[in-house]
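Next come two complexes built around subunit A: one with subunit B, the other with subunit C.
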Partner chain A sequence: MKTLRDILEEGQVMAQHRPWPRAVVGEDSWQQAIRLLQEEQCTLLGLWGENEVVHLALIDAQGKEPAILSFECEDGSFPSIGRAHAPAIRLERALRDLSGLDPEGLTDARAWLDHGKWPVDHPLGQARPAEAKRKPKPYAFLPAEGESLHEIPVGPVHAGIIEPGHFRFSASGETIVRLEERLGYVHKGIESLLARQTIERAALLAGRVSGDSTVAYALAFARAIEAAYGAEVPVRALWLRALMGELERLANHFGDIGAICNDAAFAMLHAHCGLLREQVLRTADSCFGHRLMMDRVVPGGVRADLPREGARMIGGLLAQVRDSFPELMEMYDNTASLKDRTVGTGLLSAKLARQFGAGGCVGRASGRAFDARRTPGYPPYDQLEFEVPVLEAGDVNARIWIRKREIEQSLVMIEQILRELPSGPVCAALSMQPGAGEGVALVEGFRGDILAWVSTAADGRIARCHLRDPSWFQWPLLEAAIEGNIVADFPLCNKSFNCSYSGHDL
Partner chain B sequence: MRRMIFKSLVHGPLTETAPAADDAALAELAAQVNVVARRRLGRTLSIREVDAGSCNGCELEIHALNNVLYDLERFGLRFVASPRHADVLLVTGPVTLNMREALERTYQATPQPKWVVAVGDCARDGGVFAGSYACVGGVGAVLPVDLHISGCPPAPLALLKGLLALLDSAERGSSAAI
Partner chain C sequence: MALIHDALVQLAQLLLMLALAPLLTGYIRKVKAYLLRRQGPPLLQPYRDLLKLLRKEAVLADNASWVFRTAPYLIFATTLIAAALVPTFATGLLFSPAADLIAIVALLGTARFALALAGLDVGTSFGGIGASREMMIASLAEPAMLMIVFTLSLLAGSTQLSSVAVFVQGPTIGLRVSLAMALVALIMVAIAENSRIPVDNPATHLELTMIHEAMILEYSGRHLAVIEVAASLKLLLYFSLIACMFLPWGIASANGDLAAFAIGLVSYVTKLAMGGFLLAVFETATAKMRVFRVSDFLGAALMLGLLATLLLFVSQAA
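Moving on to the complex of A and B:
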C-alpha cells in the first residue's frame, strides 16, 4: 500500500506552500488517500474548498508528517471521503453548502450550515442569489424507531448561558437511544469576510472565531500568515505567545471543571473554580490589557509585552493556584456522590477517538496522545518541559482528570517561561518573501488542535483563509458517547466535551 | 472538605463592592423605559440570555457575573432558564440569519413589560461581522433595544454597571409613579 509520502511524490508539489508540502493529485492518489484514512494510517485534519479545488489536510499516524492534498474538480465534484470515512461527512456537507462542490457518493444529501435563510447560495464558490420564494425545508432528522420511543427537542435557545445549537434526543424512558445534533445557528460567514481582507482586519476576525480560544486562534492564524509570508518572529514573542496560550488553557480548564461539577449539582467546586478562573483573567488583564487576551497575538509577534511587574503578578497567581487547586481536586476525588455521576458516564471508546482524530481532553481521555504542541510541534514548546497526560477510561471523570493534569503541566510551563523568557523585541514588521504565498499551521488550543490555512494574493491580502475548529471531530463523538446514558446526564457529558458552537459554525 | 468550609466561614465573603450604575446607560434608558411598565417590577429583574451569533466571548463574561466576586444575585438580578420567566433579554452577537427566527420567537415568548439589552460591539451594529451574507448586523435591526453595553467583550464590571442602571431606572420609575 502507498504511503502518504508516495502519494505526495506522485502529485504536483506546490513550491509556494509552507511549511508542510501541498500536492495537487489525481483521482487515483485521492482514492489512495481515502484508503489511508480508512485504514487509520493517516488522520484527517481538515477538508475545505477553494474555488474549484478541494483541499484535504491529513497527518500520518505518528503525528509527525502533515500534508495537504488538493483535488481539482473539473466538473464541480470530487470523490467523497465521507462515504468511506465518517469523520469527513459533516466537513463535506459544509463544504457543499459553502462552495457548491459536490462530494460524489456522499449519501447524506442534507445541508449542514445552510439553513435556507441566506440571501446567497454557495457564498464561497460560484455565489448566486438564493431563490426568492424558496421556503426552508424542515430538517429531516434521522429516524429512531421502536416501541414507546419519544423525542425531546432541545434548543437552539438553551436554558443556560451557552451558545445555540439544536439537540434531538430519542429516548426510551430515561435512556437516550439516539442523539442527533443540528448546528450552524451561529454561522457568521467568517471565511467570506476573510477573503480579500487586509492582514490586520483578518487577524481581528480570526481572534473572534471562538472567543474562549481567542489566543489559540490568533496564534494559528498568525503562524499560517508568517509561513505564507516567510516571516521570522522575534524569539521573545514566541515565548510570550506560549505564556498567553497557557494562561488561556488554565482559565478554560478551571471554568470547565467547575461547570461539569455544577451540572452534577455540586455548586461548591463551581464557586471555587470560578474564583480561580476569574483570577487568571484578571492577571491576564493586568499583564496584557485584556481579560481574554484578544488581539494580543498578531502576525509578526505580539502586541503587548509583559510589563515589568508582570512576572511577579503571574507568580502570585501561580502560588494561589498551587495553594488551593490540589485541595479542590481532593474534594472532587473524595466526594462519592459526585464521582457517582462522573465515573462511567459518557463513555467514548478509544477506537472512535482514534478514528475521528479527536483532539484535546476528549481524545486524551480516550487514549489518543496527540498534542500539536509536541507533534508536529512549534516553538517554543520544543524548549519547554511538559508531559501530555493520557488516560484510557474515556468517561466524564477521565476528561476532568485530564484537565486537572493539563493544568499542572501548564503551571510548570508558565514557571519555566517566566524563568527563561528571552529579552528583545516582541514584534517584527511583515514583509512578503518572493516565492511564498500559502501557509498552514496547527496550534493546540485548550480544546484541541486548530488548523489554519491561508493563501495570499499578490498584494499581500488574504485570498482565502480556512480555520478548522477541533470541535468538528468532537461533536459527532458526543452523539456516540451519550448513547445509553440517561437524559439527565447529557449536560454533564456535553460540558465534559465542551465543544465550540461558534468555532464549528464559523 | 470540612477544612474548606471552615476556611470559608472565618474568611468572610469574597464578593466585592458594587460599582455605581453607568451614567451613559442611565441616560439611554431614561428616554426609553416606560414609567407604567416600571411600576410592575420591584427591585428585581429576571434575565434570559440569548446568544444570537456571538463568538462566545460575551457569554464567558456574562457567566463571570455569577462568580463569587461579582455575585449578581445580591442585586436582585438573576438568570432564568425560560424567556417566559424573564423581564430582560440579554442578547449577544451580530444576529445571524440562522438565529433570527429563534431570537424573535424568544422575544415573543417573553411577557410584557420587557427590556432588551444588547451586549457587545457586534450586537450594536454587527461589529467585525458587519456586511456578512449570514448576519443581520445588530440586535436593533430585529428587536427594539433599550440599552447597549459595549465592549469586545464587555468586562463583567461594565456589564454590571449597565444592568444596575437598568435596575435603578426601573426602581426610580416605580417610586416616581407611586
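Moving on to the complex of A and C:
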C-alpha cells in the first residue's frame, strides 16, 4: 500500500507551489489516492478545477502532512473520486458545473450549483453561453419508497429571514426517513469574479464569501497569497490576526448557542447570548473599526492596529463574559425541558464525521479532534496555549458543549495575546515576484477548516483562486444526522450544525 | 325591564371580551419582552396589526375551495359565542341558561374542526402537518377538558357556569383535592389549546415546528385578521374560564348594581393581569417539548381530571 508520500514522489512535483507539496500525477497514482481516501488513510480537503486540471487536496490521518495532487484531464474527464468516496460527490458535481470537467464514473448526473439559470455554462472552464431560454429541468430528488411515506418540501424561501436552501423530507408520519438538500440558490460566482483581479480587490472579495466568517476567509486568502509570494508577515500582525479570529469565534459561538436554544423556543438564553454577542461586536468595532472586522486582515498583515485603549476594552469584555457566561451555561444545564430537546437529538456517528472529515464543532462533537490551528497549524497558535475540546456523543447537546468549551479556550487565548502581544509594524508590503506562484492555506474558522488556494499570474494578478467552505463536508452529514428524528426537530439539528449557505454556494 | 337589563349586561360583556382580547395578547408579549430585557412592541400593537390586516387584500391559493374562505368566519363566530357564554365580571347573564360547559367545549371543538379543515384544504404540506398535530392534541385535550367539567359539575350539581361560580363562592365548598387537580388539569389543557409554550410556540418562524401557525400559513388579509382575533379570544376565554370557576371572588351577581359591576370589572382585569404575567413567566422559563411529548403532557392532564372525578366518587361514598 502506497502512502501519500510515495504518491507525491512518483508524481511531478511543482516547485512554485507553497507551502504544501503539489504533484502532477498520472491515473495510477490518482487511483492510489482514491484508495487512500477510501481506507481513511487520508482525509479529503478539497477538489477543484483549474482550466483542464483537477486539483485534489488531502491530508494524512494524523493531520500533519497536507498535499495537493493534480490530474491533467486530456479528454475533459478524470476518474471520479465520489464513486468510491462519498464526501467527494458534491464537490465533483459542483466542479462539473463550474469547470465542465467530467468525473468519469460518477453515477449522480444531476447538476449541483447550476440550476439552469446561469447566462453561461461552465463559467470557470471553457465558458459558452447557455442555450437561450432553456427551461430549467426539474430536479430529480432521490426517491424514498414505502407505505404511507409523504414528502414535505421546505424552502428555498423560508418563513423566517434566513438564507435560502431547499430541503426535501420524506417522512413516515412525523419520523424522517430521508432528507435531501438542494443548495446553490446563493451562487454569486465569486470564483469567476476573483480571476484576473488585483490582490487588493481579491482580498475584499474573499472576505465576502461568508459574512459571519469574514476574518477567517480573509486570513485564509491572505495566508495563501503570502505563501505564493513567500512573503514574511510582521509578528505583531500574526498575533492581531489571531486576536480577530478568536473574537469572531466568540461572537459566532455566542450567537449559535443562543439560536439553538431559541429553536427549542427557549428565548431566555437567546436574549442573553445575543447580548454577549453584541458586546463582542461592539468591542471589535471600537478596536478595529468594523463590527465583523471585515477587510481588516489583508495580504501582508492587518490593516488596523489595536488602539492604545484596545487592550483595556477587550479586557473589560473578557471580564464581562467570564462573569455572565458560566451562569448562562448553568441555566442551560439546569433547564430540563431544554436538555430534553437537545440530548440524543440529531446523532452524528464518529465514523461518518471521520469519513467526511467534518471540521469545527460538528466534527469535534463526534470525536474528530481535527483543528487547523493545531495541525497543520499556523502562527501564532504554536505559541498559544489552548486545548482542542472533543466529545464523543455527537448530538445537539454535544455540539452546544463544544461551542461552550471553545469559547473558554478562546478567552484564554485572547488573554494570552493581550499579555504577550509583540510590538512592531502590522503590515509589510508584498514584494512582487517575477513569474507565477501558487499558495495554499488551511485556516480554522468558527465553522471549521477553510481551504484557500491561489495561483497568481506573471503580472501579479490572480489567475485562479479556490475557496472551500467547511460546510461542504457538513451539509451531507446533516442529512445523515437527521434520519430517524422527527420533522419538528429538524430546525434544532440544522441550527446546531449551522452550515453556511453563502460559503457553500460561493 | 329585567330582560333589557340582562341583554345590556350580556352585550357589554361580549364587547368587553372582543375589546380586551388583543390587549391581553399584547400584554403577554410585552411582559415576555421585559423578561428578556427587551422593550417589546407597544401594548396596542395587536390592534394595529389587525387594522393593517383588515385593510389588506386577502390572497387566496389557486386551489382553495369554499372551505378555506368560510372557515375564518366560522372559527370566529363559534369562538365568539363560546366567549360570550363565559361570565367575566358578572354572572347570571342573558345567555346563562345556555352557558353550559359542555356547550363551550363543543363550540371550541367546532372551531378547531373548521381550522383543521382549512389547513388541509389548500393542500400544502405544512397545513397538513399542522392539522394532523392539532388533531393529535385535540384527541387528548378534549377528553381531559370533559373530565374537568365532570369534576366541577359533580361538585356544583350543574354544568352551568353561573351555578359553578356561585357554588365555589359559597360557604359549603371547603378545601378539596379534586378542585386543585381539576385546576392544574385545566391550566394544562388551556396551554395546549392556546398553542402556548411548551406545546407550541406562538412566536416561531420555523415552519416545521408549527402547529397552530402551520394551519394558518396560507391566510392573509381579513381572513388572517379574523383568525387572529379568534385566537386572542380563545386565550381570553380560557383565562376567564379559570377565573370564573376557580377564582370567582369579586364577580357581580345578575341583579347587582353599578358598584357591584365596577368591582366585578376591576377584579376581572386584575385576574387577567396576574394570569397573563404568570403565563409569560412560565413561557420564558420553559423550552418547547418534542411533539410526541405533548401526548404525555396532555395524558397527565387527562389523568388528573379522571382522578379528580374518581376522588369525588370515593369521598362521597365514604
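Points worth noting:
In this section, the second predicted complex is superposed on the first by the 501 of 506 C-alpha atoms of A that agree within 3 Å, B and C clash if a C-alpha of one lies under 4 Å from a C-alpha of the other, contacts with A are read in each partner's own complex, and residues count from 1 in each chain.
Criterion: a contact is a pair of C-beta atoms (placed from the backbone, for glycine too) under 8 Å apart; a residue touches a chain by one contact, two chains touch by 3 or more.
If you're wondering where the values come from, they're calculated on a predicted model, not measured in any experiment.
Residue contacts after overlaying the shared chain place A:Gly184 against subunit B, while subunit C stays out of touching range. After overlaying the two complexes on the shared chain, residue contacts for A:Ser423 are found with neither subunit B nor subunit C. Shared-chain residue A:Gly160: touches subunit B and subunit C both. By the touch criterion defined above, A:Val209 reaches subunit B but does not reach subunit C.
Touch criterion met: A:Arg291 reaches subunit B, while subunit C stays clear of it. Applying the stated contact rule after C-alpha superposition, one finds that A:Gln62 touches neither subunit B nor subunit C.
When the two complexes are overlaid on their common chain A, residue A:Leu275 makes contact with subunit B and with subunit C alike. Touch criterion met: A:Ser337 reaches subunit C, while subunit B stays clear of it. Once the two structures are superposed, subunit B and subunit C can be ranked by residues of subunit A touched, with B on top. Legend: residue contacts after superposition of the two complexes on their common chain; A:Ala265 is shown touching subunit C, with no touch to subunit B. Common to the subunit B-facing and subunit C-facing surfaces of subunit A are residues 159-161, 268, 271, 275, 335. Considering their complex, residues 32, 35-38, 125-126, 128-129, 197-198, 201, 203-209, 217, 284-293 of subunit C touch subunit A.
Every residue of subunit A that touches subunit B in the complex is listed here, in rising order: 115, 117-120, 123, 156-157, 159-164, 184-190, 192-193, 201, 204-205, 208-212, 214, 255, 268, 271-272, 274-275, 277-278, 281, 285, 291-292, 294, 327, 331, 334-335, 500-502, 505. By the touch criterion given at the top, residues 1, 3-4, 14, 49-64, 66-69, 79, 81-83, 93-94, 96-102, 106, 128-129, 131-135, 152-153, 155 of subunit B touch subunit A in their complex.
Interface of subunit A with subunit C (complex): residues 150-154, 158-161, 174, 261, 263-268, 270-271, 275, 335, 337-338, 340-341, 486-491.
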